[in-house]
Amino acid sequence: MNPVAVIGTGQTRHARARDDASQPDLVREAAARAIEDAGIRARDIDAVVIANMELFEGRAWPELWVGEAAFAAGKPCLKVATGGTSGTSGCIAGFHQVASGLFDIVLVVGFEKHSEGHTQTGMTLTDPYWDRAVASGAVGNFALSVSQYMADRGVTELQAALVAVKARRNAVRNPHAHLQMPGITVEEVLASRLLAHPLRLLDMCPQSDGACAIVVAAGERARKLHPRPAWVRAAATRHEQPYIGDIDRRLVTMRTLRDAAREAYADAGIREPLKELDVAEIYEPVSYAELAWYEALGFCAEGEAGRLIEDGVTEMDGELPVNPSGGVLSTNPVGASGVIRVAEAALQIHGRGGARQVEGARTALATGYGVYAWADVIVLADRP
Amino acid sequence: MSEPLLVPIEMDQSWRYAATAAMARFCAGLKERRLEALRCDGCGKRYLPPRPVCGNCHLALRDWVAVRDEGRLAAWTVVHVPILDPRSGRMREAPYGMGLIRLDGADTTLNHYLAEQNPARLAIGLGVRAVWREQLVGAIDDILHFEVLR
Amino acid sequence: MTAGSLRRPVFVCGLGETGAVPEDPRSIPEMVLAAVQAAYRDAGCTQADVDAVVTASVDLLDGLTASNIAITEVVDAVMKPETRIAADGLAAALHAAAQIAAGSYDTVLVVAHCKASMADYQALTRWALDPIYLQPLGVDFLACAGLQAMALAEDDPGAERRWAQIAAARRSCGSSAFSGLCDVDRILVSPLVAAPLRAGMCAPLGDAACAVVLTAQAPARSAAIAVRMAGLGWDLERHSLGDRHLRSWDGLKRAFERACGTAGIEPTAGGFELAEPSCLYPHEEELFARATGIDAATPLSPEGGLFPGTAPIVAGLSRLAAAARRMRQGRAERALAHGAWGPAGQGQAVAVLEARA
Amino acid sequence: MIRESAIRIPFRYAAGAAGSRFLAALRDQQRILGARCAACARVLVPLRAFCPVCGSETLDTVEVGPGGTLQTWTTRADGTVFAVILLDGASSGLVHRLLDGGEEACCGLRVRARFATERRGGILDIAGFEPAQGGAT
């Protein structure tokens, strides 16, 4: 891919219900901030990509309504949707459109307003001959896979709780994060309400209303516009069989994420991810998933994920801080969540992470996760 | 600023979904308490429910094999949150057991309800058996749930 | 290299279509599988030659969340990159072309599907309109087309007959599984569906799937004539009809200019030997002509365009396929394919195709 | 084999700050609000947060209508008449309904908003538009 970079990011205030803002208002809030952050004007944007899971809000072609808010009126604008990876897919679509030579600057905006519909029900609107009759939503499906992962790897509820606590403690340093739970403890996680055995309330991501935008620029423009562009070194996608029962122990195997990471690392020249990555923003809708992703992303050997979190390797002061933003476990507007991962990774390269900045971050990882095992892996760095 | 206003709109839409030929045959089987899987000519994997194509080998699936209505739990959970049933607009009550069941004769696993709701009595590898409803209509909920074999 | 031109050439190397019918008894995956296999055959390739997939579908039209999961296996996207563009299929093809031009993939499969027979299509389109100011009124895409048509017809007493003639003429040059009217007088007495539009003027909507293989390499097999996607342009108009110029398709004009800019040609009708517009109603063909300058002097929709019958989402991609087929036969060296979506053409997509012997 | 299945889900859409003010003014005062764009001087109806033409977010609230001029209309098979109305004082059209069957409808027809007797804070707090005294201009 030809050189492209992220030169601006913007996020809304994320919350359980943003009744104060319409869908276009949310989109505008994030888009305007990204443009301001990039130091450009709206008229500098050549094209717009929108990411959103339209049926969660009961919409069709949502870009038709929110496009103007994303500064897209009279410009090329497409909407991308691939389940949970919608946001990272949208970012990658933006990378491709810039790298193609068609555009110099593309704005990518992801958003979701879960409070306006019934997301858990929306998620069950799958095969009417099959899934719909036996649907239990994201929580139940994850719980099933977690039962396999625990049995296979011997991961404990305590280790998962450590992930849940790490995310929320990091979120305290992120003014945009939805969940703000200063002083949260492992005991609180383990005592929180059981949603689907063994998943507890605090093991799960929240449902958030929010939007996030990034500004993507072509090589020369990026250099002119930004003192420290976040260069896209790699972007890899793998989709998987879409029925949960067809994938053998998905959290254990996670061949999509493994394969996408292998490709991305090769493209970015990374051999030892734990050593060579400075920070990672990974899409972990459930505490246990973060442990599974550690293995699939090559941060540790199989079965070692529990030890990684126990040893604090992925804490803010560890060897590879994972999710300084607080992650999906602290903020989850689905269509925006993938964009947030990329924006937070870019923010680290830009050196604009504020209280959540990882000192001297030069290489950052962002991932997307969706459906049962769809995966996106993106590597950003301070050099093209 | 005035109070934030919300505009309520109810979705009540109906769709007519066509089944794949394989799913139609599978559903006809259910009506006679018969379970079948489709075997891939390439990798030999036996798919239940039937898929049109093996996603790994990219081959159309044609070879039917018989599957028993008993199998083993490959994964399980007990769900404690009620969920809105999109078909009826009503809430489905909790708790309820869920499992991924590898039926004897199939290689994939079937997502379905479990009669057992006590986590202490559930484990991967347990034998389970389908409990069928009286009036079969040719749908996957002709199986009410799976019960643990003791 | 400056922005606006493609960094790598993109060729159309495989075409596969089910054709549009009022109701296809097959399921969506079966229809898509048929189109994909036909496209592979036409391209002389297999799934192993394809690096990535771009799909076009809309969840609400399919009655499914993440409508692409129903077709992941049949488009061979397992362990591959797939991107779903929730718009007209031609927009998906433009994005796929951008992926190839970017150097990210060499060969991309583009797939669009829709079964309008599944539900009340116009009722579903209400969910695409601003839920605060528009949706509660009960307005839908057909009403938006009627509002635009009336704005054109108001000072033009000949419009109705002219539009009936367009619909009749287009329909009579294409064979169709739909029972659309081909007789001007019968069209003019057919029921008003969104005055001044009558039932007989509208393109009937049904079920279809279409697949196109795009590649960076000029196809060797059909080496006689290679069809290149030389120009790409798309656009999003303002949403509310109250905020737009009702008597023109400004968005199409911009998309057309961008596409011509990418192709390095002047945005004029001259030079085009074929146009395949996506017009669901005859007044849209006039809006198309005003926006692009392409009128009766250029061969337009030789197979009838959308008027014999089409499917939403698939329409624009099937226009690309129709144009490419004709170019392979040596009947045009430069052609335009067009797709549109949303109320009164809010979304617009244009591809400039060039044939090379 | 075909199976029919329905989706029944209640949605609720936030009108946002501008939308809420517009709807509250309809409901409480039977007034129609627009936004005058400080950058391009257009008066946009309904009230909104930003100008869709020039993108500016600096907008002053102004009252428009209730009288206006028909820009276009369409009649559906069920007799519903939709219309785009240029309200007095506005530079953009409002999409709404035309009451009374639209028999007199023609571009340029003078119309006037009729407010619903029971108003709930929605766009249908305007029941629709009807021909105003004086007819076509």
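Every chain is named by a letter (A, B, C and D) in the order it is written, and numbering of its residues begins at 1.
To be clear about the criterion, contacts are C-beta pairs under 8 Å (C-beta built on N, C-alpha and C of every residue); 3 or more make two chains touch, one makes a residue touch a chain.
Every value quoted in this text rests on a predicted model; they were computed, and no experiment measured them.
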{"item": "Other chains in touch with both chain A and chain D", "value": "B, C"}
{"item": "Remotest chain, chain A as reference, centres from CA atoms", "value": "D"}
{"item": "Rounded Å distance, chain B centre to chain D centre (Cα mean)", "value": "47"}
{"item": "Distance from the mean Cα position of chain C to that of chain B, given in whole angstrom", "value": "37"}
{"item": "Gap in Å, rounded to a whole number, between the CA centres of chain D and chain C", "value": "31"}
{"item": "In chain A, residues with contacts to at least two other chains", "value": "19-20, 22, 58, 68, 73, 118, 121-122, 124-125, 128-129, 132, 240-241"}
{"item": "Residues of chain D whose C-beta touches two or more other chains", "value": "2-3, 5, 7, 9-17, 19, 23, 52-53, 122"}
{"item": "In chain C, residues with contacts to at least two other chains", "value": "25, 60, 63, 72-73, 78-79, 124, 127, 131-132, 136, 238-239"}
{"item": "Touch-based graph of the chains, sorted into line, ring, star, complete or other", "value": "complete"}
{"item": "Residue ranges of chain D touching chain B (in the complex, touch as defined)", "value": "1-17, 19-21, 23-24, 121-122"}
{"item": "Chain D - residues contacting chain C, complex", "value": "2, 5, 7, 11, 13, 15-16, 19, 23, 44-46, 52-53, 71-77, 80, 82-85, 92-97, 106-107, 122-124"}
{"item": "Residues of chain A touching chain D in the complex", "value": "18-25, 28, 32, 42-43, 57-58, 68-69, 71, 73, 113, 115-118, 121-122, 125, 128-129, 132"}
{"item": "Chain C-facing residues of chain B, complex", "value": "7, 9, 11, 13-21, 23, 51-56, 58, 60"}
{"item": "Touching residues on chain B, where the partner in the complex is chain A", "value": "4, 6, 9, 11, 15, 17, 19, 23, 27, 47-49, 51, 55-56, 74-81, 83-87, 96, 98-100, 108-113, 119, 124, 139-141"}
